[in-house]
Amino acid sequence: MSTVVKIPLRYRIPWKKIALYVLAVAFGLYLVLPFYWIVAMSFMHEVDAISVPPHWIPVHPTLENYLGFVRPDDAQQLVGGRAVSETPYSLRNSLIVATSTAVLNLVLATFAAYSFSRLKFRGSQVLLVLYLLTRMVPGIAIIIPFYLLMRSFGLLDTYLALILSYTTFALPITIWILKDFFRSVPRELEEAARVDRCGWFRTMWTVFLPVAAPGLVAAAVFAFMTAWNEFMFALFLTSSKAAKTIPVVAANFATDFNTQFTVMAAAGVLAVVPPLVLALLFQRKLVQGMAAGSVKG
Amino acid sequence: SNGKSGGGGSSDGSVKFEGWDYEAALVQQNLDNFTKTSNIKVDYTPITSAQYVQKVVAEFTGGGGPDALYVYDDSLAAWVEGDYLQPLDGLPGVDAVYDAIYPGNAEAMMYGGKRYGLPYYTDSNCLIYNAEILSKAGISKPPASLDELEAQAVKIKNAGLLQYPIGLPAQLSDTWWAWVWALVYGSGGNMFDDQQAPIMNTSDHVTKDVLTWLQHAANTTKVIDPASLQLLPVPVDNAMKANRYAFTIGARYALRDYNDPAKSKAAGKMKMALMPSLDGKEHGTISNTRLYALAKDTEVKDNAVKLLTYLGGLGADNKPYTARFWFLQRGLGFAYKAMATDPEIVAALKKFADPAVYAHLAEIAKPRNVLGVPWYTEFETEMHKVVQGVLSNQTQPSAAVDSLAQTAGTLKKKYS
Amino acid sequence: MVAFTERRPLGDNAKAWALNAPAMVVIALLVAYPIGYSFYVSLQKHNLKRPRAKRFIGFDNYKALLSDHAFLSALKVSALFVLVVLGLTVVLALILALVLNERFRGRGLLLSLALLPWAMPGVVNGLMWRTIFDAKTGALNGLLQQLGVIDSYHAWLTSGTGAFLFTALAQVWNTLPFSVIILLAGLSTIPSELYDAATVDRAGAWRRFTQVTVPWLLHPLLIVLILETMNAFRAFDTIYVLTGGGPGDATTTIALLDVQTVLTFTDFGLGSAYAWVITAITLLISVGYIGLLYRKGNFEA
Amino acid sequence: MAEVRLEGVSKTFGGKTVVDNLDLTVEDREFLTLVGPSGCGKSTTLRMICGLERASAGNIFFDGKPVSWLPANKRDVSMVFQSYALYPHKTVRQNIGFALKMMRVPKATIEEQVRQAARTLDIEDLLDRKPRELSGGQRQRVALGRAIVRDAGAYLLDEPLSNLDAQLRVLMRAEIKRLHVDVARTFIYVTHDQVEAMTMSDRIAVMRDGVIQQCATPEEIYEHPANRFVASFMGSPPMNFLTGDLTQESSTSFFRSPALTQALPGPVPRGSSGQVVLGVRPEYITLSTTPVDGHHPGKVFVAEPLGPDVLVTVRIEGELIRARVPTPFRLGHDSTVYVGFNPHRLHLFDPTTGAALQ
Amino acid sequence: MAEVRLEGVSKTFGGKTVVDNLDLTVEDREFLTLVGPSGCGKSTTLRMICGLERASAGNIFFDGKPVSWLPANKRDVSMVFQSYALYPHKTVRQNIGFALKMMRVPKATIEEQVRQAARTLDIEDLLDRKPRELSGGQRQRVALGRAIVRDAGAYLLDEPLSNLDAQLRVLMRAEIKRLHVDVARTFIYVTHDQVEAMTMSDRIAVMRDGVIQQCATPEEIYEHPANRFVASFMGSPPMNFLTGDLTQESSTSFFRSPALTQALPGPVPRGSSGQVVLGVRPEYITLSTTPVDGHHPGKVFVAEPLGPDVLVTVRIEGELIRARVPTPFRLGHDSTVYVGFNPHRLHLFDPTTGAALQ
């Protein structure tokens, strides 16, 4: 019986780990610093926000930029007061619209993407490119006819108008995204499910989609963000707090007359929080490995 | 809020009213007051100012436009041509309004000989200076000529007070660059004749000379901040308020903020002066007008006209109620001559500006004479780029005016 | 021999079209008309300011583009912009995705941060960058000065090159998340045993990357390329807010020109023609990418 | 369900025919084993029966009813995939219980049956693991568990024991056999393990290049191979083959090759070409150190111990003959031995067609 | 590279130790086979040697140099993965040639070597296919080809033949053996096939629950198993075990159990508890129909044909004893037979520790 040598005989400098952390920190800074500046500004008075040299940490920290959102009366005092009072509603609207868009998109795209990943059919390539084509016409070219269309459907200033338009935006790309992920789900899994007496839908629901989860999450995030960010269609298709989304309202903080940097910063922070929370909830799924250990060969 | 055809008036006679979102809360407050007294409901939608024009265009194109709305004088011609608006001639009280306002404003609200609006507010441009900085540099009087302006700036610069004493909002954006026009009008020149033919490279040297001065001040004496190319109006305001420029060219209205101790470190030091000219003489300045207008397809014309009158016209007491409201609340410029002598107004005005200069500017200001041409926006946009070229020394003034004239020619042809 | 009987299930063709039907219906219902309409408009002289002058002119709008100085210059700027933004985005996104695909402390945090720019509405994003790049009070100036990199505040956006690069940088920040997420999700589908096999086959990190990762990522990469090209070609928000297209024409991209033409100049005919040129170019490029990558990456696990 | 019948079933992949006009009937409750060289089309055949692959031609009947157009989930078959195809996102418990869940078996029953199966497969303590945390053999057992836990009309097992050790394999073999008896259903089993094929099957179908060579009971296959391929394929180490001529002398036939002459009992037919191939299995060869009548002298080429037996290769005039003899075998390389063939265990084949000559 | 040494190597997965303080030295050029029940840690051990898995404790040395911190690509080992791990996006040719490409072997040489390997593996006509289009056995051969085509300091083969038919397996076995001789490198081989283990190995290491039970030559393992586990694991069907007492009478020892009494040659040690377990392999049991001295009468329980042999289970007073006897065996169920143990092939084990008593 030999003694267990627990001490490594030759320790190697873990270059990979070091590089990893260096990169992670560098990217982290690149990603967060601009946003940090917004966050810091949102806790500053207007005067401090434009001071030279800049205050990286608010010197006279204040919540006033946020309090306006919950105390609409105070908001009246501010330039863009109406926008301030509309912010909570717009957040709600954005959440509803973006979530619905994501869900509707996933459903529609899943069907289509499945066909591209699993079935051999005539015209599949053409159809794929055709889908893309609908996305390639810049929004600016179709906004007016789209507006007319929605008007004739009587959908102006409703969630549905936004959900539908964002769905058409996101759908082609979502299909593209999903078809790739579907492709990497081993066919045998589906076959096993069929043998286990699942019909197509059940196979999709119980086996196929869970395994393709990273792709689904990526696609859902994509659709959600598309809806969350879109400005022009939201501007044209909505007019009241019943449907205005956060980008439209946030734009109100920046008028020609006065740009309320700090209030806008606060609105920006608020606008970023919901998707970020969702991202935190789903990030595990996104990096979960797919199909490990399921098939041999 | 989406009626079948134009106008969008609903059965209860309420007026659909749209404006850009400046002080939307105050607007609502004022409208509530109107509803209280007139019993006419107003359905008010403020629209992000940056996209105001676009959205209104979309609405009118789609047939869901408002009954009454704000209009920029820049957009008036297009919107009349686009059949969005209807003239107000012959409506009760309109003549009285046009008599009571400055001619420049009246001119700006007319197109094709017809009157299309009642004044919302107006403003004209002037030279704004920081009296404290000037006095530190030993200067007691604002400049009357451009050369003088440059010399004063050099003095300030040499005194080590400021690296760049002059700041101008010269970043590209969709808003017009009033200061260029102010410089041209301030020296008595024009870019176009009354038939809207370009003269800046032929009979009228002022534009070229002004550009030459700009080029010199920016690149030779380096008194104009090169960062101007990256400045929109708001950052310029912020810089002024922070004592970082001695001079700028801006709207009179800006001084209210500049001199507000709550918002500005330069409060009390900011003064306005007539536009300095090439020859040192007094010539004029540029003005703009924002108006209330009436949609062509409105189904509630009577109510809408009542609203317009409340907002832009004269009240029963023959006083412009809303124009006074805006001045007292926010210092917005007024088109009504009589207000310049209204004691209450003067008292309020004194807090931030010299009432005499203020009124004098209104008298000599005139609108751009090319507002009515369909290609004005394109020209203005092109002009900004050309002026940026001059400021950054990429373009020579003579080439600049040639290019402007050529642009005007091309655009004219395009729209013929 | 007994004939094949019973209900014949749908063939692949029929099944595929049935599966595509919902998506196709939604798209056809909602965008077919606008798209067709916009193409029709592009064949017209149609400026809202002069509705009475509206008329059909065939491809004159397009022909005019060939001699349209503004258009040609914008095309050049756009091409360069796409090149820079796309290059940076893809490289950075790939690196970031690779980092995120590793296990380390704080991965969840970094992943959330990676999504952050995406969650920011364009307007806010634009204004954020404006306050950062501001020549007088900008955070970038402040930071660099405090770090001793510069002595005095610079006006970053006043030179053509500066404006172009900084705008591109802001755009990259904004479009990075999409690419990262797609690539990351793509990475997570690579069976780890392939890396094991490649390692045993003496492939070092780089070869593993080129031989296993890249082939596997070709399709996600394809999407990233297509979408980011599209995005870069249409980039508007950020550029508009930061430079308005200036100084001069330095950052006037074709998208900016298009939006300006449609919304500011209300020239729908010409604007639609611009839009269709953008469409054609992005489509061409995309088809190019597809031709280049689709087949190579088209294998099944 | 019971009888599985394939009529003229073919399968082509991109022009290459991998299953060729196959006719096969598996009786109700029969245990049929499919064997054949790697790539001969066994899995493809199973997959067609299962409904995962559509036959390019021909028909499949379950109990006389055509099922060619029936999808797998309607065919009521259970299958062990050669590649396992475990659900990576489900635990072992969920993997095994999945089909039951789909059949709406009550939760408690599922749990009970899963546990029962897991006990049988000796993976009870792995029930909460995910497939990626299992060893190869454990995964295979989960795959097997998934197929046997449920009730099905036919059980299709594609090399279900290939990754298990001998002990476990013996146990599993017994379990599968027992299941077959218990549920009394049709089993179609693919294996490359001869012992498995021989011990478990009612019948064995030997395939080659997509064609069934012989389908008969294990004894029949072993003792009366239909052709040289079957003869050589079944039995390990394989049968020895010698090519030579057949001569008839009074009541005895003689096989003559350059290496040796062997008397054959009784009259025997001639190959189509006049030549014949003589086949003899290694275990029907005896070796002696002293000359014996009818034995052929040769030299030991190599001796490989197989535990209880030794596989001895003997060279007789340039021909290599392999014999399996009991341990111990103590002769070294080049020692002389006398090789005797059991005359009742000799096979003759046509040298061109390979068909057995009877 | 040559000698592979493991010192106190352990591996834990989430608290569960699957390889436990392993000490093992594989000599230069040795062919060592790892066997053991499914899940005992064979693959894990290989993966640690290979550098794919980091040992939780202990060290690994190649030629005396510690390699614990060396990544797999620097270790100069070649490996066949139990799960193949083929590159799905590469053709068979590219799969096999990949390692060579990584080693910057000239293109022409790669092509030549790949073709050579493919010929050996009989997959020459599949070179342009993608793994997806291969049968299970073909995939496995590609995996094998990938490992053997290249030159490496040590070859690690994890059940490389499990999905091949017997014929092919015999051929491949020979090829691997030949390769071993040709390249003269260290081979570590995992298999569950006893024949493979017995015929190919220089030494066999028998593992159980992450612990090596015995590491010795095949003969040693077979004839002198270190403990009851090894004795039962090696050999199929497994050794028979009987528990009883040992008594010494003059020069002879006697084993007495309720079922039978067996004389043992020479003096033998006693188990720690006083009891012993007697082990005898089925092939060292003879059955006779007539009583023989020292044989034990019993009744035939079941007889299973295995081709050349028959596995006969005999019941002696409630104990089941399995014997492997040559075909033919013609006695039916419940016939009386007389069971004789070869007295020189008997093993004794401690009933509590299981250790062999010598």
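To keep things simple, chains are lettered A, B, C, D and E as they appear, and every chain counts its residues starting from 1.
Just so we're on the same page, a contact is a pair of C-beta atoms (placed from the backbone, for glycine too) under 8 Å apart; a residue touches a chain by one contact, two chains touch by 3 or more.
Chains and their UniProt names: A = Carbohydrate ABC transporter permease; C = Sugar ABC transporter permease; D, E = Sn-glycerol-3-phosphate ABC transporter ATP-binding protein UgpC.
Keep in mind that this is a model prediction, so the values were computed, not measured.
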Graph separation of chain B and chain D (steps between touching chains): 2
Centroid-based (C-alpha) most distant chain relative to chain E: B
Pair joined by the larger number of C-beta contacts - C-E, B-C: B-C
Distance-maximising chain from chain D - centres being C-alpha averages: B
Centre-to-centre distance between chain D and chain C (centres being mean Cα positions), rounded to whole Å: 58
Whole-Å separation of chain centres (CA-atom averages), chain B against chain E: 93
Rounded Å distance between chain A and chain B, as computed from the means of their C-alpha atoms: 40
Euclidean distance of C-alpha centroids - chain A vs chain C, Å: 15
Shared-contact residues (touching 2 or more other chains) in chain C: 136-137, 153, 191, 216, 263, 300-301
Touching two or more other chains - residue numbers and ranges from chain E: 82-83, 86, 134, 136
Residue numbers of chain A (touch at least two other chains): 50, 52, 143-144, 186, 251, 254, 259, 289-292, 296-297
Chain C to chain A touching residues, read off their complex: 12-13, 15-17, 19-20, 22-24, 26-27, 30-35, 37-38, 41-42, 92, 95-96, 99-102, 104, 106-124, 127-129, 131-132, 136-137, 139, 142-143, 145-146, 153, 173, 176-178, 181-182, 184-186, 188-189, 191-192, 205, 216, 219-220, 222-223, 226-227, 230, 234, 237, 255, 258-259, 262-263, 268, 271-272, 275-276, 278-279, 282-283, 286-287, 290, 294, 300-301
Chain C residues touching chain B - in the complex, by the definition given at the top: 47-53, 133-137, 152-153, 155-159, 163, 243-249, 260, 263-266
Partner chain E, residues of chain C touching it in the complex: 191, 193-194, 196-204, 207, 211-212, 215-216, 297, 299-301
Chain D contact footprint on chain A (complex, rising order): 186, 188-189, 191-199, 202-203, 206-207, 210-211, 213, 289-297
Chain C contact footprint on chain A (complex, rising order): 16-17, 20-21, 23-24, 27-28, 30-32, 34-35, 37-38, 41, 49-54, 107-109, 111-112, 114-116, 119-122, 124-125, 127, 129, 131-146, 149, 164-165, 167-168, 171-173, 175-177, 180-181, 183-187, 214-215, 217-218, 221-222, 225, 228-229, 231, 246-247, 250-251, 254, 259, 261, 264-265, 267-268, 271-272, 274-276, 279-280, 283-284, 286-292
